[in-house]
Amino acid sequence: MSTPAVTTRPIAFSGYHQPKDRPVEELTAQVGPGTPCGEYMRRFWHPFLLSEQLSHRPKVVRVLGEDLVLYRDLSGDLGLVHKHCAHRGASLEFGIIAEHGIRCCYHGWLFANDGTILETPGEPPASPIKERFCQGAYPVIEHEGVIFTYMGPPHLKPAFPMMDAMLMPNNRMKPYLIHSPCNWQQVSENSMDPFHVAFLHTRVSGPQFSEVFAELPIIDYHETELGFFYTNARRVGEFIWIRMHDHLLPNFSQNGAIFENVSKVRYFGRPGLTRWVTPVDDHNTYVIAWRHFNDRDDPLHQGRPENNGVGKTDFYGQSGDDPYEVRQDSPGDWDAWCSLGKVTSHEREHLGTTDRGVAFLRRRIKRAIEDLQRGIEPVKPDPVPGLGIATAGGDTILRIPKGEGDDRELILKTSQAVAAAYVKTQHLPDEERRQAITDMLAPLNTADPGQINPDHGKIFEFKTVA
Amino acid sequence: MSTPAVTTRPIAFSGYHQPKDRPVEELTAQVGPGTPCGEYMRRFWHPFLLSEQLSHRPKVVRVLGEDLVLYRDLSGDLGLVHKHCAHRGASLEFGIIAEHGIRCCYHGWLFANDGTILETPGEPPASPIKERFCQGAYPVIEHEGVIFTYMGPPHLKPAFPMMDAMLMPNNRMKPYLIHSPCNWQQVSENSMDPFHVAFLHTRVSGPQFSEVFAELPIIDYHETELGFFYTNARRVGEFIWIRMHDHLLPNFSQNGAIFENVSKVRYFGRPGLTRWVTPVDDHNTYVIAWRHFNDRDDPLHQGRPENNGVGKTDFYGQSGDDPYEVRQDSPGDWDAWCSLGKVTSHEREHLGTTDRGVAFLRRRIKRAIEDLQRGIEPVKPDPVPGLGIATAGGDTILRIPKGEGDDRELILKTSQAVAAAYVKTQHLPDEERRQAITDMLAPLNTADPGQINPDHGKIFEFKTVA
Amino acid sequence: MSTPAVTTRPIAFSGYHQPKDRPVEELTAQVGPGTPCGEYMRRFWHPFLLSEQLSHRPKVVRVLGEDLVLYRDLSGDLGLVHKHCAHRGASLEFGIIAEHGIRCCYHGWLFANDGTILETPGEPPASPIKERFCQGAYPVIEHEGVIFTYMGPPHLKPAFPMMDAMLMPNNRMKPYLIHSPCNWQQVSENSMDPFHVAFLHTRVSGPQFSEVFAELPIIDYHETELGFFYTNARRVGEFIWIRMHDHLLPNFSQNGAIFENVSKVRYFGRPGLTRWVTPVDDHNTYVIAWRHFNDRDDPLHQGRPENNGVGKTDFYGQSGDDPYEVRQDSPGDWDAWCSLGKVTSHEREHLGTTDRGVAFLRRRIKRAIEDLQRGIEPVKPDPVPGLGIATAGGDTILRIPKGEGDDRELILKTSQAVAAAYVKTQHLPDEERRQAITDMLAPLNTADPGQINPDHGKIFEFKTVA
């Protein structure tokens, strides 16, 4: 018998007996047209380009496995159409941009931004050809330097996913876009996995963000109609530090501040970034996000807006630009998720209790895909005009020194109290919500909430991007 | 239901409902051995290399999907053999060229240029091994700096396709070869599509050749036993300008002069180029052509022989060498046909009346392939010795100002008279034919046929290759 | 009928009728896990890297189609594990090397060098997760600058293949590793094909090693339990020169001296190299060998140890580093075996009598694979401690001038006598064996065995690597 007996038992030097294939979870990995997950993804708006990437010439882009051409017509409107002209197939990247719409270079047909045909020169004036077909087109929204599209059924188009964090007062948003040569799930799931921070970013190769992260967090997941938020709590000296993370289905996330010193009490700090993970195709993914810069959440101005843009952001490990050896010595998020392979194999994983968040996320997405296959449309974010969609991402820090009892129990309960305060206040505008949360949480402090911890203001050495 | 309903109706922003696949017309796209179109193509001589590309060393080439090695043996004869040695498979690109034939580097076997085995050193002298097999080889003809092969059944080998234009007196022929990374049909069909000239080359991005081309032409197709010729007629002031185009099946074409000023009467001008579109494989194609340079058809000497050769010719848009942005701003033929994709999808096109020529060509080729599948060999060009194969390509210009009636009707009738004169005279040698055509067409001029139109001699700004 | 009739009869210009496909002999070409040949290869130790290629960082390697990570832990031990972490799949090339074992960068799990799990931080202390699975790992042996692994069933692990030539006294071993982008068989079979030397290396493009090789050799193959050795005999003036070659199944070989002047009598000269041909995967192969440098076999010190290493060795034609034109003019072994294609087609070969050795080797390997499929394990080398595995590779030269009879008969009989002497003495240590062989063969000399042939000491012009 030449076929090796496959086993996963822990035998020394058992490479021979380990399974060698890495089967792909196709249901959730495939995003092309007509695939179950591709259909599901086509129920949401996705960012796919930064405004700065678009010149006055047409630009080929790829989103959800479709080749498209984006352009800004002479009137200033954006058009996003299928790459190949519906007439003979020439690429509209060579199209000539018109006052309204784009004209194919080959035979001069003119398409409106919505894909309908405006002119078919050379055809008889009475020709009904314009009525018989059109160019595939998708609606586009440009917001604060980021371009979004919705590629699903026109009649099901949801509202633009305006998040409350995108409406913060006195906040500067700077977008970035970074490519990862792997499946979207690997990138997206990373944000539901708070435990990797303790290892990848801190213990394993020295602190990339903050030594505080070396402490294993106490995590509590909360499901919502739109996805999840979770509390990520740690003791830092006399403080309990609660980071709130959002993950809205399928591919949206926010976390806490990028640079957080945990040196004094904070209430309802807001996210350091507002992020989408957009599938380019099954094997390529963009992280497209706004970094937020404001005095409230980055009082020391440690963030660097100018280091955000195409291919770069201002915190460690988000791209493959560093030399391979540097990334080997101190691997970042990008290295971790890309190194899973083009598409990772769920079947070959061995999940532990620390992988709970990833498991939750997968289950929800799988259920949503299967629901859609049965005709049940997914719930979509429905932003309140002027307020946006309420999210939780950001940090709350309370001054609650260790007590007599089990400290982990104390941390967990505190984080649950914080979560409850967030949920109760989610109908309020930013400042009011902050005040309400403060009012609810301030009594939990067991010492002067304004006091600064002199020990914790200096211990952090960040690897910022120079 | 998660599968989108596919429709081609012109709905605004209906990208979701458009078909996303691009099925290939395999019958005509595939050229490899044993494919229907590959068999059909193997009934004709095809050029595949310029003489200047061959040094004293063997050269790997690829034609109709086959990997071959071309060499010039020490006696000066050319050999074209399958790449892998029939003995053990070593590539004959490492073969050592002999006085007659080529010797494999690995074990020294010597092959004649016709593929038969001359020596099998190391084998017993009486070994019958030489009688049992041979190296695949194809006949080769070198003509005026271009190397042709015939890859079909030996007993069906046609005559070398000597065109009359290749025998023009006082004419300099300069060959060029340009690669396109796409299927041969996309390149070949371009020459049966005179309408693209009005758009791609003129209206869309400014005149690449002549402003005159902006006028939509009046086209009249004529089928012949060997393929097509068509008249491409326009009014230019007091002149009617009739360009004649040849398309011989499957992949041969000639058009009018590359630089034509339409400033005086001409009779039976001859083609600016004599061109084949040779499939390298299903996804790669060579245009191999001779540009013609002579006083008769290019009296101002606007053509530049020295700008023709490997990868280049002296008129606009025939290669991808210009920067992408330049090609986006003023796309050429090469950009148009390559941008259809590796292999375009006929099924996803929407042909109009201006695509008549392309439709005619496809129908003829498809019929010829299907005939061959039923055992009916295609008609092949049969050149008359000394005269070659009669073709039509070139320009005739008559001085026929607008009359009272429908001018388009007048232009069409004039072009039909010209076509008739060409057909009636096609048994004559060049100069005699020209005289006969002149005699037949001169009476159609309604004013002094020698008069030069002062308005039309200067309006053309050509994009020549610097 | 459009399908060409396939024939292999030697018809002139019959390329059309030759088969165009090149079917692969999958049984012996495929080396991945679970393939018949892959299973067979997994019964042997294979070298896969030079020590000098491994730094203090983990290194991705590929052996027998498996992606692995090699590292030297802080205690100095080597570990070779599957690339993807058994937990979530992150690549261990980003792992952090520990005192013993390697820690995954993503969640900090620690693996021992044997693949068992030492730590699963973040999991509850009592978690049984460590007992449920492990990381695939393979045993590694490092010897004289070369790293070997055994990837088969642990309980069938054979002894390290210590060859007698690796134990020669007063010998310097210098390893080299060279990549070939083709299937392992093409590289491995080359050493069972002594006839190519007369052509590839000598006659075809001038002497690469020695003019003496232009003489067609008299070859006699001997099968052994472990594979083959063969005698490769030539007359050189008054000498009969017998080169001995080893080929142990599946992929081990040794030949004679790299630089041999055939100027005096020698007994039991030893191999110039000790070589494995390791499949990286189906289409990539490493030659990994030690070159031997000693006064006995290279008395003129023509070898250059410093020219051996990663990608290079000190004799001609073993890599693709020379310019293409240089390799066309004087192709080497590397050019020959690579030019057969990614995987050559046995079905399209036409073997002659000179291909006997290749045919023998294929038959044995095929039989061994089929035996293993039926559960019969292959015979594996069983080195005698201190002596290693007895091999034959090297040169013996006897002074036996031409006699009255058939010289080829004389050469063959002499080489058979030499072979018999080698076989009879193979239980002896190096020096004793040499003496015994000398005692047995010296009487065959018909003139003073110590006499130097003044004619043969100077005729050789070697192409050494500069």
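By letter and in written order, the chains are A, B and C; residue numbering begins at 1 in each of them.
What we mean here is this: a contact is a pair of C-beta atoms (placed from the backbone, for glycine too) under 8 Å apart; a residue touches a chain by one contact, two chains touch by 3 or more.
Since we're looking at a predicted model, the values are computed, not measured.
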Same residues or different residues: which describes how chain A and chain C meet, taking over half shared numbers as same?
-> different
If chain B and chain C share one sequence, what is the angle of the rotation that overlays their CA atoms, in steps of 5 degrees?
-> 120
Chain A-chain C separation of Cα centroids, rounded to whole Å = 51
Interface hub residues of chain C, defined as touching at least two other chains | none
Across the complex, what residues on chain A touch chain B?
-> 32-34, 36, 39-40, 42, 57-58, 66, 68, 80-82, 84, 86-91, 93-94, 96, 103-108, 112, 114-117, 120-124, 127, 129-134, 136-139, 151-154, 372-373, 375
Chain B to chain A touching residues, read off their complex | 1-4, 8-18, 20, 22, 195-196, 198-200, 203-205, 216, 325, 327-329, 331, 335-336, 339-341, 344-345, 348-355
